[in-house]
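Please find the structures below.
In what follows, subunit A forms one complex with subunit B and a second complex with subunit C.
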Partner chain A sequence: MTEDSMVTIEVDGQELKAKAGAMLIDVADQAGIDIPRFCYHNKLSVSANCRMCLIEVEKVPKPIPACATSVMDGMKVYTKSPMALAAQKGTMEFLLINHPLDCPVCDQGGECELQDQSLAYGSDVARFVEKKRLVPKKYIGPLVETNFNRCIHCTRCVRFSAEIAGMREMGSTGRGEYMKIGTYVERTIDSELSGNLIDICPVGSLTSKPYRYQARAWELTQSDSVAPHDAVGSNIHIHVRNNRVMRVHPKANEAVNECWISDRDRFSYEGLYSEDRLTSPMIKENGRWVETDWETALQQVADGLKEMGAGTGALLSPSATVEELYLAQKLVRSLGSDNIDFRVRQSDFRGGEPALPWLGLGIDEIEAVDAVLVIGANPRKDQPILGHRLRKAALNGASVCYLNPLEYDLNYHAEQLLSAPANMADDLAAVAKAVGATGAIIDDAEVKAQHQSVAEQLKQAGSALVLLGNLASAHPDYSILSALAAEVAKASGAKIGFIGEAANSTGARLVAAMPTDGLNAQSMLEQPCKGYLLLGLEPDRDFWNPTQAQTAFKQAEFVVALTAYRSASLEAAADVLLPMAGFAETSGTYVNGDGTWQSFAGAVQPMGEARPAWKILRVMGNLLDADGFDQNSSQDVLEQARNSADGRQLDNSVTADLGQERRLNGSGLTRIGDVPIYATDALVRRAPALQKTADAISAAIRINPGEAAKAGLADGDRATVIQEGNLATMPVEIDPGVAGGSVRVCAALAGSETLGGQFGEVTLEKA
Partner chain B sequence: MKVLRNYIKSLFLLEMFKGMRLTGSYLWRKKFTIRYPEERAPMSPRFRGLHALRRDENGEECCVGCKLCEATCPAMAITIETGPREDDGSRRTTRYDIDLFKCIFCGYCVEACPVDAIVETRICDYHFEERGENIMLKDELLAIGEENRDRINSDLSAQAKYR
Partner chain C sequence: MANEVCFRNMDLDQPWLLEQYKSRGGYEVLTKILTEKMTQDEVIELVKESGLRGRGGAGFPAGLKWSFINRNSEASRYVVCNSDEGEPGTFKDRDILRYNPHQLIEGMIICGFAIDAAAGYNYIRGEFWEPYLRFEAALEEARAAGLLGEDILGSGFNYDVHVHLGAGAYVCGEESALLESIEGKKGQPRFKPPFPAHYGLYGGPTVINNTETLSSVPVLLKNGGDWFKGLGVENSAGTKLFAVSGAVKNPGVFEVPMGIPFSELLELAGGMKDGKKLKAVIPGGCSAPVIPADEIMELNMDYDSIAKAGSMLGSGAVVVIDDSVCMVKLLERMSYFYHEESCGQCTPCREGTGWLYRIVSRIERGEGRQEDLDLLTSVGKNIAGRTVCALGDAAVMPVNGMLKHFRDEFQYHIDNKKCLADS
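What follows is the complex of A and B.
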């Protein structure tokens, strides 16, 4: 019998067609026949250890588990026969032997699979009167709370850790009564997907720590939304109680995030309730900030912007919604200015980018590629769900290669070419040469064995992919890198893809939130504008060169910032602060990396006087007497934005010139200013639980042992980084994963805002 | 004929005398009125009066913040907020309000409580002078529980067999 031939089976008298080899439980699920289960999960391997899914099959003397039985032609299955029910009831009784009567204090209460099943299959009297087992709780990190007394040993968490998170972090020790789940040695779970353990655990053994004891499932109302942190646009459910976001859960969408979300998407909501939320409009009067009402503030903004006119520069967050970006660019264009940009973390605008870069293929298609070359990116931390797809590809047999200035801790086998920022172009050129491309830098490249092997893998693959990510787009020679990547792709027959940095990087381009002939994000700060409009950005954290940004804003005549938070740097930079609605407080649309438009509604009312940014911008348009600001809902705005985007196509064709001047040369130490996973945007930076995780690193000079010895530094020393005359002193950490000739000084962290660009020459001095 | 009979009846106040006779007969019988508040009518141990929150023998509040009482209350009179307690991280209420204007004294909350934390006492005479006093706060409820500790406990054991 071949794998895909169809068989006919009968379940509870209902005739079903199924693929031969499919598991019975799946077939029943699809037909809507309910079989109880604990250990089975359709994204994990089958372990058949809970025995809850026992059913009766004709001619089989004993009940058998539906999750581990494949269908066979003519099979007759009874899920509700006396034998099946007795088996299920018996299993239930055994499971409850050691399960504490914890429901009143258990956070899973009300949404617990064990509760539901025991209601349906359990008995109302317990015959077990002996002592129950006690298992001490373990600390496994700031995100997931444990209570292993409640564990029913389904091992879903163990399989999740090994199969999905790719870290053998959890396991079971002991047998029978003594079986225990835990991390083998006392340690925290540092996966970027660890929050999914909360969903995967059928009981209250693994629950959310930030949500601990905060609410009950029945008190929550659910609304659908889209995660605002990366180019994946994971679908989420927002759970609300009393106009407050209580937690975030994944919403299954096979094309985007399957049934997982990253911890960043799950726990960032906490940042909404940070103390520095801006809740009323504020204006600066004689150097002091005073609260005011909307009318005064907006009038002041309108007057200010009118005066700035064509001298206005708009810097917009790539995490803003399509509606906000569309209205913002429209507003600034109506002032006669074309200085609009959202690429605040880019420094090379020499035209290396394609017209409308995107992922190049569907997110769900990534797992089917045969070879991937990832340049200047760490999807595992930057876009965790994308990282998971890449891992799936690797497990499916794809060869994955990385070209980065940092060596990453990956959860699958991949070849990592470590290359100092200044040498990345040379290494990429060597790969290009090895795949048979020709051109300016390529011809001079020196091909080594590792380049040859990457080239071979790309060439031999049936479908290959070259991906550029966050570090590449922040690189001072981004144009050259993307041009080289395009050559590699062309010569090897691979697809090229650009992983957008933020939730709406693709959407921002579709609604033209970038200059046509005006100043770009870089030149707007280099040749300061008269006035600025900032949308959702923090001067000290969100720019490629925070020092330059802060200086430019300080010398501007008028700066208005639409922001959800007040911070010292915004207060120093702006003249008017307008409180805008944060995540979950506004309706909007994001276009994710693969070009999918995903709209969502607001889940809660904005805090205090804050208003959705699209409404603020619309009223600003009216006050400035601009045309076309008469939308009544965000849908109206979306419709117009969509119409304006009609002529624009996703387009990854690169036309840059390979012979451009290289801005980074290899002399001295080069800074690698990557943005760590929990520093990407204002919301995440204010989420307390995420900031306690191991991934939430603080500013330090990370340098490999060789370079450290050269600079006379040792682990734990303090040293001063000097970049273009800007100083910052921080501790030294020895990290062999940093390429020679470079030093990793992360951007967007407290302590790094006094430095210059994300990449650039630095010197170190022992403090 | 009928008219005539009615005329005579009302002329001689016949109905009134009938009534007076009934009233008069009570004048000599044994009295069953009581002198409230000095005297009180007997009460069942299951009487559903003013609420109280109990503490256990160690002085620890019994309520574990499961919110079942809040969920079951048909009048939506109970408002609870919970969180881990600072010192030991145990599940506790940070707010427990009962709005006595909403409450219909159905006792469902008492039935729902898995730990006998919320109880209804025999207290049925109280009044409010200011708006807002009708909302019983957690501390007040706990205080009532402490004041009437013995009574509550004996009532609980008396009704245990019916629950």
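What follows is the complex of A and C.
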């Protein structure tokens, strides 16, 4: 920065250097000079409506708001002069006249900006003797509780909704003191980021519904942690009372999640207290499940695994920590098996995928790119904070294009190429051809205007990005799609990035939780292993093909599952269930999509007899007399895991062959089995409030009007999906956003577990 | 000297028709500007020289306002006419729309030419249905005559004027709330700076002037700045429309030279009604502090004289109050208005206007407390000068004016729980 663009101002006698044009309130904040405020938020536009930050500026006759006053050279500012204080106190009185004195029963009490500021700027005697305003509360959804009597009309929520959530879900109606905050005509708040409303509301007008009346702020202890649901690894604070997670708040980290977190990260903790938590080890005796002690259970596991030996297959959750994955692969390798994998939602293992796929750039760099092509992904729902960064990029002027079999409801302008699963490769090949790439498929591709348009945007951009996500990695022709994406990137000068499917997809590869020459997640189920070790997975929900997985486990001689939950499918599959610590109950490390290692400590003790999985695995190692299981702490494990990862570099180079045979041929109807936002993992699936949101959809046959007509189906009918002889009957929903030639039948939802792979040919029969 | 500018055609049979407007030299100034290739700077300079000040209330020099516009801005420029006329007591712009719409249109085109605007908008008060229809009819006539639209009078200048009908919010008369309203948003004032001249309608540099101001432009350009200045007095050039209402025999709108003694204006309005005695006058619309009879009878009606008396010329709405009126009751009604019309955006106005009303109302009902008079002053102090727009100040000024000049009536209400005016 040049000296020219800096100005010198004086605030309360203190000389400060500031960037010309900076807002006074920011400059004061940086210097630690406290100016009271309510409506100002550094991530939102300035509205200057609360009038709490009025300060005195020399030669200005009236007090002016620090949030809307840009600094000018030589400016002399007084934040605590008689003029400033009189203005601030006047505002405080106005804010309090209609504010209820219900702090003792208000969830915001103790952490309320109005309460705090009123100590400094309020009066002990009220001059307002009239009745206070009454504003009825409104139902705005299962996550956010309202009490509009407490609203001070700062409009942070309105600006958040419009500017960050991008949905304009909140607004104000009425004038003067009858102005009310609300949703537009009795709607619920459906944004995947809506929980942030709770944080930005400076008073108790918008509070957490699940946390309502559960604890007082001063009873809570705070631990730092990392959210366990997606490749962002949002930084969070876990608030605990009496060894129970009471709530989750964001921890600001500009490089990762800024000051926001997704609703999934905020409210999933409720799933910890689900009735089907597994709280003691259990073994199956003569077909019946009985509780047992750790010693018995572990001995049985050690005996079982010893017998399975090299025939063991390990299927590990990509949401497991680095420590857990490291020890699990080490344990299974000590048995002589290389059948280890975490890619439980992948079906195309023909090779050539990058050695260590990652986002390709820092999460905070996304908003600066000029063009993005998103292939087989819906970051808005799959990784909401990445979705927010993409939205920022779009608002900054980037052109964003999507290639998906589903048209998504986006909160910014983007071009969406809708392409049936079987045609995605053709469309991508056409884009590749249009950017000037050559090769198999590409040369035969038919370039249309929409492909040309995407190509132009990528080529003209100063910095462009090609991103592949969850749907792409689950696609039966993933290797072809990634090879084509690499060609597009190469020819257009774009970076290529892979959004890992889960919280630790990148970490899992770094600690080699995948086979070198053994069986992969697909082949372990196609050619059933003798025995299985499952870590944090549910057979009916967490696999690309749940029917195949459940069948394989049933055939196996011995299955041990480390799990935080009991479920019918686990009980059907396993012989031993070992209760592992859930989210917040264990220390650990995640490596997020951009390769950042983030460690965290446990916030609460595991429930019942549950133990951190790394400890369980370490003891199993001891019982199996394996080498290298003498760690005393998770730090020891982490250190070894890190050492083992040394020399493994993040690497997005794709070597897959463009000319491979296409597995999806486009005849008939193809299933699109995406995983909805609140079905991604065992914890989320058990979080009651999230399951009541609009995004928590149920299993249905979602089909566009044309395909529905062809199949003789109408909205509201029930129909049976038939996939490789597997059946599931569910309601029909007409959805014009589903590509022709395909039908959306989500995976991981109740009712979908009897079907086959996430993608594949299906037929429909009216039930 | 009356009816020289905005009402100059009032004697005609149907002055709102294009043909009749033209019979008095209408659109000649525009034609001259466009055909004789006057430069934009020359036009602005002439408006500056005339000393024309904004007739909406604030009295800002019009030519200066026009000169702030960056004609090279990337964003399109706009002319906005403020015909919202919401200030209680004001009804002068209504008569311009009814009787002289073409002069306003001509003024708006000249302004559009001067700042190279993409379009003009006239924001008409929602209740003005008949004036709205008449203005729309005039626009149609002008379009048909090639005075609006593409290539006006063959000059290459493209410009049209659109009407936006308000929906009854006082605050939309505030220029930035008006812009928000035209943009289809809730009518709430914007924080300033930036001012409309830099960031106005749809983000473009915008001139926003009152109806009377823009309507004055063709005449003052025709007759010259000196002529216009000569109509008025020092620092208050031209004539002014005064909307006289209240306890007068002939209420109505009068175009008279700036600086006319109030006593003469009162005579024009037929003097006091029913032989009542003059008690006080609100000289510039509801927001202007009241001036007692003896003071106002000595005052001239121009910006400086009224300001010296502690009030303001405002929009020229002269409300004449006779001695049967209870000032507490009157203030209660006025305070209710501001309470009702506050947009609710910023704290002092949202919370304070209702509080002021409730205190005054309490006093009026005979439930006032001795400390209420100081409380009114104190609450007013906490509103004035601390709000996003001037509505807060507008709510406070009448309270202060009343307490300054008629405190005894308020005291009487508190002491005797009844009205001094009745007794």
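The criterion applied here is as follows: the second predicted complex is superposed on the first by the 762 of 767 C-alpha atoms of A that agree within 3 Å, B and C clash if a C-alpha of one lies under 4 Å from a C-alpha of the other, contacts with A are read in each partner's own complex, and residues count from 1 in each chain.
Operating definition for what follows: a residue touches a chain if its C-beta (ideal position, glycine included) is under 8 Å from a C-beta of that chain, and two chains touch if they have at least 3 such contacts.
Only a predicted model underlies this, so the values are computations on that prediction, with no experimental measurement involved.
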{"item": "Partner chain in contact with A:Pro63 - subunit B first, subunit C second, else both or neither", "value": "second"}
{"item": "Superposed model, subunit A: greater residue contact from subunit B or subunit C", "value": "C"}
{"item": "Touching partner for A:Ala48 - first (subunit B), second (subunit C), both, neither", "value": "second"}
{"item": "Touching partner for A:Arg175 - first (subunit B), second (subunit C), both, neither", "value": "second"}
{"item": "Touched partner set for A:Thr91, first subunit B, second subunit C, both or neither", "value": "second"}
{"item": "Subunit B versus subunit C as contact partner of A:Ile152, first or second or both or neither", "value": "second"}
{"item": "Partner chain in contact with A:Val105 - subunit B first, subunit C second, else both or neither", "value": "first"}
{"item": "Partner chain(s) touched by A:His413 [first = subunit B, second = subunit C, both, neither]", "value": "neither"}
{"item": "Set of subunit A residues, in rising order, touched by both subunit B and subunit C", "value": "none"}
{"item": "Complex contact set, residues of subunit A against subunit B", "value": "103-105, 109, 212-216, 218-219"}
{"item": "Subunit B residues touching subunit A - in the complex, by the definition given at the top", "value": "64-68, 71, 82-84, 90-92, 114-115"}
{"item": "Contact set on subunit C toward subunit A in their complex", "value": "169, 171, 186, 191, 339-355, 358, 375, 378, 381-382, 385-388"}
{"item": "Contact footprint of subunit C on subunit A as seen in their complex", "value": "46-52, 54, 61-63, 65, 68, 86-87, 90-91, 93-95, 97-98, 127-128, 130, 152-153, 171-172, 174-179"}
